[in-house]
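Okay, so here's the structure we're looking at.
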């Protein structure tokens, strides 16, 4: 496989192709007849996935650095370049994105009946935006992508969403916008400070990273600006309230993409930018305490609030708050295991929560209700659906043997080394996770089939099976054999941890001896 | 390329240096002569518009020619400057004027404002703007500003049937004249403090820091700022703007919001950076506060508007605040950021008003944002254009507005004005609170109007503007 | 050497003009107050010219031209408003607000 | 390593394959019951055979080192290396035999029991999945793999308890079981984190080898580890305070209760402590806690069992009680004794459950035939059944005698050994004498309530109903066959580990020595004189006899009325019937406050109230309000505008003149 | 003598200005303004600006103010309306802000008093009386004509355009029928 990829020069053009293909697809959807729109879009997304899949083989798991890099000057007078690359952290974000998009489109097949053209075009454009965020190695480029994908999402929620879609859409937009604009200022301050200090004005990621020390006096402020942008996206408690609204009101595909990919951008931002740029600020004792506490609060809080939601989508939304709390804890615990675990959770959450939203979408298409109370006992009429829903829920709970466990275990086992109390409390989160999901599961697929309108529900259609099969396979595959993923993540994570730890210095005094061993 | 040296003390040199202005004036005179006996007929009217456009294009041609030829003054520039700032701003003004004329061609006919003098006045106003952007002397700034203002006062009131239009003209005129008094006083005091009105000579004097700190100069600078603050509608001198923008015919509003304001800024930037560049202490803090206040107040009040035209008026105030940030940066980057932003802003705001003009009729000022509900169903391209304008005004990446804002932010941050940059982005967030509802209304709300809005067709020229601006 | 007093008088005249604009509601009178302000500035120019050379006086010449032009346009606008409202009282001119 | 041991993965894989096949069938063709039975029973039978082969290989190897079969690296990250690896040693061999052996019998029994059920295929799929996970649990060579099985069996338990999910109570019970288990699992996880933190490994061999170097005996870390592990055990093995799920779990099909909630899964906690006996040996306080909790649970559950009417509930509390004994055993360091009781208990309790299942099956059919809706599990609706179900009655009597501790039966030896070991530890601390007393009293109660069960079920007059009596029949051979086999095992199971005073004593003890030796190293040798041991044996006999006799003497089956007509209980009887109101207390103290907190406070006040209404929408409203003020100031009067203009100008001048 | 005349004209100018802004009748205001303009013209003479003084009378008093009066009469605004002046609050505010402005600007006088003007302006200050001598030598018109048509040629031309624009504008707005 890798020889074949080498022979077609894959590494040189893959990232550009990934960024361009969806746009081409979007243009095509605008051009073809209305009846063909979704087919074209789906094929485009599928092609995108196939192209991206090559990354799996072409990626060199031994290297911690950037691969598949491409550089071209863009606005040289401002030191802006088109520079993209992939490392172990972003690799799976890309694959997750390209995998999610075709599934999300299939999931919209019947859900979206109005203005299909616009919907699919926006989905494709959004793909480019999201991939751009994950591959950009120039801060300007990153920022542009970061903002650009807001618009398609805003439209997807606002045009094709549910009853309170307007409120949800603008809330989503404004929330994100607040953070990202402050981040823009921080990027500029970094740019100006590094430029002043070194004489080289550039937005290049690695250059700025190398000299980010010059902003040390205001590192806390800059970190704060970056962190706010990312924390909102993650979302970290208490910046999470856009999430339930956006998730609930968005159409299925919107929720899937939101949960599956958009939330990851926040955590990715921390891993790629906020923390490496300002390790001193990020691991300042106060800051790190605050973050860890917020992460743990998010885990417990999200789970508790999820437990009492009457709306299944909202429940899943709050469960995301809980899951992403683990991610934050993992990053801030700063051990190889916990950071890798955070990335694995990001992948898992994308798969599992995305799948849950797809499943809710299937329920909704049949019954036009997301209320848990509207269901009950549907395992009788939809056994396959019930089986898959159960499996996905278990994966979300973090049952060993599913993907969810691998991530949570890594995060907690790593976090326990540096943040034992936080990890200990976070562990109780697994109890609440089981509580809210199993309770919901019981009320939806179990108990008596007492509502006559539920008695005639169809079980999964072949199309729906086609959506869910890859998800089931992934859940089990990652659950039982995550090694290929872990080996690809590990070098980058190791580099991240070492690089961040180095300048953090005294802030990390709480790192135990036993933890130092691994660096040897 | 050898620069073209122009002797500004010889008549020939002056003629050459003022070529664009002379072209425009000549055009205005010819037009005036022609319409003297050919007016009242819509056909003639359209012809006058076309003729004006040709004149503007010709002037633009001369500007480009002089720019490419590298016209440089032989010695100290007297009265008129020859530098890229002048050419760049001139291009912005000329394009803004063209957009306004294009917009007006269909609009005036539709609203039955058959006054071909409209175009003459636009030409005169444009001359005034060019002089403001190209002034090398405070007197020229003042005269250019008055020339522009007087023309625009009349333009604002040109829809004589409409009491709103007249009221707008009156408010604009009274407050404008009042502000001119302050401006003039400022010029007088700067003249008193430095003994000259030539911008570069003033700068030479102020290189002596002892003079730069004198009260006469600082008061003069403050008075100048009051005067310019009015023209650019900086808070608290902004209060005329919403009323006037609201009452004036839409093409005139677009013209005011874009070109007229840009001209005010051009003059401000010229005076602030050229003449008072070494006396930043006298004005930077003040501009800082003006910028912050303008951004915040403009955006906040815009949030409370329900009528699109008025909302755009307040948004234009907010944008003045953004431009003031570029001024407050007090740097070359600030200047170039200003030029770019002015250009982008001209396009997007003219575009937005063009859509407004296309959707509404009879003054449009009563057009609520709710009236746009479901517009995307009925007129997809128009809605798309308006959505693009809104995003651009919001400063969203992928639009010219973003690049402009980006440049301003870079300038501000590099000048150490980080707090102001933060205020700017905070204000941008506020602005999302009123730009987005427009998009929401068009795309996300169902149409309430049963009738199929077939009428109110956009004139060909207007469409051209929309198309051009949408590319931005 | 009457520069100081002249500047003082001109400042006072300017202030009176501004006060007048604040005080009055009649558009024409307000406009007259604006003219008063312009004249105050003229006095400043002339006083300064005594020390700085005749340019100051030249500027006054231009200011007068501007004042004349403004008067023409301004009075025309006031006439136009009067046609609509039968009044030049600014209390009556508030269709546009908010 | 004998090559045959490498094949141990087959033992695990076979039930998994069975699950996959049956799971597919349950979705595709749920009516293919014959194929389902063949697959379900066949895979487990094959696994049993493979187990025999592997255990033979192990026995032939005569080794004290465990064989670790690594299949693949599961979670390798940094210095954390978790392999998907199985460990074959003496301890896992015992468990393997119990799981596959008893599992096989119960599978066979289920073929008859579940024949008429719609969810037949699903049932066998779950059952196979359970066996798979249980085997992973007992074979896991490191904590995470063990944990996979640990949670997996919990999952299957959840699925099987809620098997008849149409009834809300069943689904509730399943959920409760899972959640209670999860609480324990959280403890297990934390224990794992501690272990990894301290030893840098999670593999059993490495951890146990490093433990003596890393931990101080009785130190805080090792105590914390042991206690957190034990928290996991209390969840899985239904000990105080997490025992309440097990009686509810009786909502599942009865063979499930026999397999999961009596013979195998619930004993996983005992297995875990046996597996980590090195750690517990180094934490004497934790050991004492385990023993105490075990003894108290044994007594506590026994009291509740006294007054239950539901035949399965009696057995469930009996299970909790017997598990308490096992913990008492492993808590005092008598690992082999605990394991011994585990094995014998697996035999007789499985038998009791299956027997009860057979009874329920019969009554269910009877009521079904007459279309009456009475509780087929309530003992007040039984009585005198031995007339129609002689085989069942007979084998259940054997099991009763075994559990009551009648000499010669398996339960006598295993229970006595635990009590003896506790007594022996009494010279270390007086606590253990107290525990011995508690254990002895519990034994008395055990004999009493088991006899009560038998009396009410099989003796006295029949209360089922006149019409139904004709429909009560003995179960088919596919169900009674396993009963007979289990009965035989219950009777003779004691030979596995005879007391020292008898010849050929302590076989299981010796067999397990390679596993327990490392832990025994840290324990003071507790030894009883033969005289004491004889005395204790005698005492045990007396207790068993006393309990049976008391029941026989005081209980009058003839006086009972059918459940529908029974009067309400009062006083202590009511308290016992309602299980000391523990469920109600948990509900009032934990569940309700938590739901209230989540709903009323966190969601409605914090989320919707504070953050959203005040923070988010509040700031939006605030901004709009400011805007409205600004809009209001825009009066339309030139005067206002001039006013602001001049004020602004004055401020600017003020600022300018300050320079 | 010079100074006495200065203060005389200044006093009249200020008093007339005050009356101009405070008289209710628009006609009265206009006439008081004319008086102010005349006084200013006197001050201009004293400040060596004879030509300016002359056109002050011609253009301002003669032309502009006549235009004002004409419009006032045309619109029949001669009689004072009750609402022409603000209420007491408005008057107070106006007085206060006017006084505030005067106080702010008064600093200019203090500067000149304090340090002498020569020290205040950096540019080439003329010796005292020099402008008067120049005026005497070149004539009042000549002194202005030279810079006006050489140095200030461009502004002069702009002024012409400005006036043209004003005419066009006034016609557009004021013509009864276009």
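Letters are used for the chains, namely A, B, C, D and E, taken in the order the chains are written, and counting of residues starts over at 1 for each.
Convention: contacts are C-beta pairs under 8 Å (C-beta built on N, C-alpha and C of every residue); 3 or more make two chains touch, one makes a residue touch a chain.
Quick caveat, the model's predicted, so the values are computed rather than measured.
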*asked:* For subunit C and subunit D, which third chains touch each of them?
replied: B, E
*Starting at subunit A, fewest touch steps before arriving at subunit E*: 2
*Which chain has the mean of its C-alpha atoms lying nearest to the mean of all protein C-alpha atoms shown?*
A
*Of the other chains, whose C-alpha centre is the longest way from the centre of subunit C?*
D
_Pair with more cross-chain C-beta pairs in contact, given C-E and A-B_ = C-E
_Remotest chain, subunit E as reference, centres from CA atoms_ = D
*Between subunit A and subunit C, what is the gap in Å from one C-alpha centre to the other?*
65
*In whole angstrom, what separates the CA-based centres of subunit D and subunit E?*
102
*Intercentroid distance (Cα basis), subunit E paired with subunit B, Å*: 31
_Separation of mean Cα positions, subunit D and subunit A [Å, integer]_ = 37
*Could you list the positions in subunit A whose residues touch two or more of the other chains?*
174
*If you look at subunit E, which of its residues touch at least two other chains?*
86, 90, 93, 97, 101, 104-105, 107-108, 121, 123-125, 151-152, 155, 159, 162, 165-166, 169-173
*By residue number and range, which residues of subunit D touch two or more other chains?*
620, 631, 634, 636, 638-639, 642-643, 646-647, 649, 653, 657
*Touch relationships between chains, expressed as pairs*: A-B, A-D, B-C, B-D, B-E, C-D, C-E, D-E
*asked:* Using the touch definition from the top, list the residues of subunit C that touch subunit D in their complex.
replied: 18, 21-22, 25, 30, 90-91, 93-98
*Write out the stretch or stretches of subunit D touching subunit A in their complex.*
23, 26-27, 72-80, 84, 122, 144, 147-148, 150-152, 155, 158, 162, 165-168, 171-172, 174-175, 178-179, 182-183, 185-186, 189-190, 192-194, 196-198, 200, 594-595, 597-599, 602-603, 606-607, 611-612, 615-616, 620
*Sort out for me which residues of subunit E touch subunit B in the complex.*
104-105, 107-108, 111, 120-125, 150-155, 158-159, 161-162, 164-166, 168-173, 178
*Interfacial residue positions of subunit E with respect to subunit D in the complex*: 86, 90, 93, 97, 100-101, 104-105, 107
_Touch list for subunit C against partner subunit B, complex_ = 7, 14, 17-18, 21, 27, 30-31, 34, 37-38, 40-41, 44-45, 48, 52, 55-56, 59, 62-63, 66, 69-70, 73-74, 76-78, 80-81, 83-85, 90, 93-98
